[in-house]
């Protein structure tokens, strides 16, 4: 049995229950899943890098708590992959995944040319920086903005799906995309329908990060492949006691 | 239950039994595993690109047969990832993985700087081409050759491990590697011991490709994320009947 | 006198005679040219990577035969540059060229921005991988598909030329191309007319590979510059006897 | 008169006084300089990404305060360039600089090949990610670690300078560096001596960021060239009130 | 007091007086500015690389003269950054800047995505080569040509501004630019108006190179950061006496 | 019959006679070869970029003269490929080649990993810039300096060959080179001996540029593939009369 924590790294629990229901549907038998979000007052979305900055200590704290509570894996549920390196540093044994990294690794095995559907144009530079850091500059053919904020995706599902469909069709036709990634974890609950109509894989990035967490925790258990503590993910000294 | 076929794409069954035993040890409960190799006369290793060329039609044929036999996933067990795009074209529903692609995707989540331990310097240009194609040029800090052919790795295990250990230590010290990938599927059965002594993850690339196949087949079953048939992995027309 | 073999790596001789006539027209006095194709049953075009896989052993065999027959150079006449590294491994002294590599090397001396006119969008990912491998990512400004299969190019020449002309004009106007490469060896016999109307160089890629083969064989003869047998193009051991 | 705030983004004021004295020595007549650090309990250095995560909200708060207090420019004094995009988002009119970005921009006009002298090998992956993001992958020929923590640089200056000198000489000889960047703001007060002995420019990165802040604030005043608020540095809505 | 020479590297003084007036407006109190151009008969613009070639010895001579005349810095006022490395070689102590390099360094601190507005499409390949050399390939999202020669920009200012405005709006909308660089020093005197209407920074590249020269000369004076004479900018031997 | 002019772009005829003898030995029957150098007083070598700057107008003038004199092709005989774009602009019909471009195109068909043997470390940055511009960053594994100036290579041939041999052996062993390029046209007359001893191709770059010129002029004659006059190599207006 592997215990995985899915963190919505925002100061609202509004997505927790729906995410729990979805993840239960897709989890392995051996997985025990919990969904949580950040407590207290703070940003309810991370559309700005400075909101990520504000949420970061709480994310790091959650990593520490989750590890202490015996979780085997944790998902940081934002497509900016907020604080991913920090979380891997803090974690001693727990495996950490995040949506952009996971969905790019998966998408790159499904097709040759990926388009990422985001909410706002403003998100693109930071996401592009991540795409480049992960090595997918040549595989990501385009970003498409549907002009919706994080909390608008679930408001009018018909409108949301219409816009994503339209953006995806343009990505296929003009940019030669053969895989679509939904570039916000709030675009949940719709990949299936989109995929069926488009005829190509549509990756729900929250789901991708969750399944990747299952893979990594399973391999940690069986092969002891874990985040390397030698260089980039080296943990701080316990006695410094800042985390 | 998911059925996965591990193909040693060489004309000898010498590695089939040992691989079967290893994979059984690491597989999911829901996985049914078979190991096979190529029949008839042909190259017993693929150290040369021209040997890959000779083996390719048989690999493609194996893909077709495996899919007809109802397999859900297939691993092409050579670190050159021989015929990977061809196999994904041929396959209609079966998921295909290969060692270099899978171990790079996994390694990149475990550390920030990867060294690949190969048998011969001759292998490096083709592997580097793959590393570049997969987007990992900046993450792969070095290739190290231990000067052993495919069929020498298992001959004198003490010597083999000594050489890989030495190459890995140099990779850590000089190149700043924090993850090691064993760049030949014939380097099986030794990652654990190496890993324990080195203190950083050592990825057995055959095992990585197998676990990745489990992930992809599971996701195919649950989310219907499959190799995109739109562009790069588009299948040939059945009526042409060449595959 | 240098003997060069032009191989149409497909299981049909349909292009052999027309290619022979063209090459004779453009050859050096010192060149003796033969055109051949693959015997037996097999793919009549290589639009799919898996068709390349099927044809590969026969291509490798042709290389061996050609060398034994005393040819000085050989052209692998498909814009995927099928089995190029394999062929250079197998060859001991014979020089090998292929259309994409040759026409990119030539095109890059003629202009600063190249557009490649292909038959199908499906071909682009593999070709782009080659462009990147050869180092021309920044010089190739676009691929344009004219939506024709290999065996359709010569069917209705007026229609074919109309489509290529239109795609080229768009490449010039929108993408800033100042050189056009015809990205399929079946687009033969039309570069001249296109070039005259477009006012920029239009490279027939089969012809380019042939002239490049003349250059390489001549330099082999005079300077002994040959495919390096040290690393990437190292030949397999004769006693293994698989090639 | 331009007012610039230099922030040591750590929870100790230990570097404030020395930095103030140095900056006063190098400032323009028209510049008014203040140096501050983070208040309260928290990391006293940012050697770990997770320490950056913990410090980030306080950095963002400092940006807001500084702008409200009428500063024209602000320097984030850590070579990780911690929270640089976040700070530029938050700022409405104040110009923000940081050591890595500034010293790379300057260094690239002084020579053709830069080596960065860091304290610990652990720092390199995040710094390399920044180097790549800023576009200097090809100009930065090496990172050299002198195996000193942030708070060790100023402990034994003779030893520190000896190690940096040795690392720099190796960078010049082996890597062909013709510019050295001191890759930690705690390596202050020593560039001059090193530079004189080495005979090539040695850039104090804190100083570089400060002089760059003077340039940007002056240009903001004269030409109104300011951080673009259109896409990547777009500010959050005031009414959300999280910053 | 720092003395800076702005060179219009063309054989006409037509831009000298207007540039002098502009630079006086934007200079530091401590800067003494002169503007000059090339004497004698020669190209009146550098739209062709071969015109740059013809002007080069005169530029190099101007560098020598300026240094002998005691200038602290010099700007080569053409967006091709003509002879920049040569000038830095020749100079012993004088700091050299040029428009493309300076405006890219500045632009990259103001936004995340830059579009460069040029006069003719013909200019783009050489400029793109420079952008790549400086490391800004990923930051420069597009070049836009307004179809005006160097000496047409100042002819009909209303028309010029209209065209640049239109190109900039397209760059913002289609290419996601959040910073505009005016890619010719003859586009002077208009950045302010454009900037106000567009709402994003518009960089006058001549002005940028001048302000950068002020920064570099100031830092040379205070920190002795100078062009490194070790490798790339190594000066020729005086006794050879060719410069 | 094709007439090709080989230009030693230096103000000394010292290499003309030896080059003429060598080129005669390697030329096609149909080629008529002349060798020339720059007249008058000026740099006798181009080791500095500023010497290239000084020589450039004379090179451009030579291009014009050569074309007027009916030459079909011209080689600019310096491994910096001095004024290559300028020369191609100026030329209306004559084909222009240069050593670095030609030997990289040829070398990349002979092996997978190239090392360039240069005279001085100072030369490397500009050559590396060219390597990058031509797209060979990944193929050129190293530059090796033998610490000899242009006019020292032919002084003591035994010493020169010894140094190049040693540098090449290190390139093979440490850097994995399987092709050597002699990165200065003054390293003439020695490739054969080196090649025989090293067992891998050693490319004389002056010779490479000459054979490439033969190829391009032949193709110009037969296929009318010529430098594209549309964008980058667009010729200046005749009436401007500066060239």
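All chains are identified by letter, namely A, B, C, D, E and F, in their written order; residue positions are counted from 1 within each chain.
Methods note: contacts are C-beta pairs under 8 Å (C-beta built on N, C-alpha and C of every residue); 3 or more make two chains touch, one makes a residue touch a chain.
In this text, all values refer to a predicted model and were calculated from it rather than measured experimentally.
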item	value
Path length in steps (a step moves to a chain that is touched) from chain D to chain E	1
Same vs different contact residues, chain E with chain F, by half of numbers used	same
Interface copy of D-E among C-F, A-C or A-D, judged by whether over half of the contact pairs recur	C-F
Chain whose Cα centroid lies at the greatest distance from that of chain A	F
Centre-to-centre distance between chain E and chain B (centres being mean Cα positions), rounded to whole Å	52
Distance from chain C to chain B - Cα centre to Cα centre, in angstrom	31
Whole-Å gap separating chain C and chain E, where each centre is the average of the chain's CA atoms	44
Contacts with 2+ other chains: residues of chain F	112-113, 121, 124-125, 132, 137-138, 176, 231-232
Touch-based graph of the chains, sorted into line, ring, star, complete or other	other
All chain pairs that touch each other	A-B, A-C, A-D, A-E, B-C, B-D, B-F, C-E, C-F, D-E, D-F, E-F
Sites on chain F touched by chain E in the complex	42-43, 47-54, 56-57, 59-60, 83, 85-87, 89-90, 121-122, 124-126, 129, 132-133, 231-232, 234-236, 240, 242-243
Chain B residues within the chain D interface of the complex	112-113, 138, 176
Residue numbers on chain D that touch chain E, as the complex places them	26, 28-30, 97, 101, 105-106, 108-113, 134-139, 172, 176, 178-179, 191-192, 195, 199-201, 203-204, 207, 211-212, 214-216, 218-219, 222-233
Residues on chain B engaged by chain F in the complex (per definition of touch)	121, 124-125, 132, 137
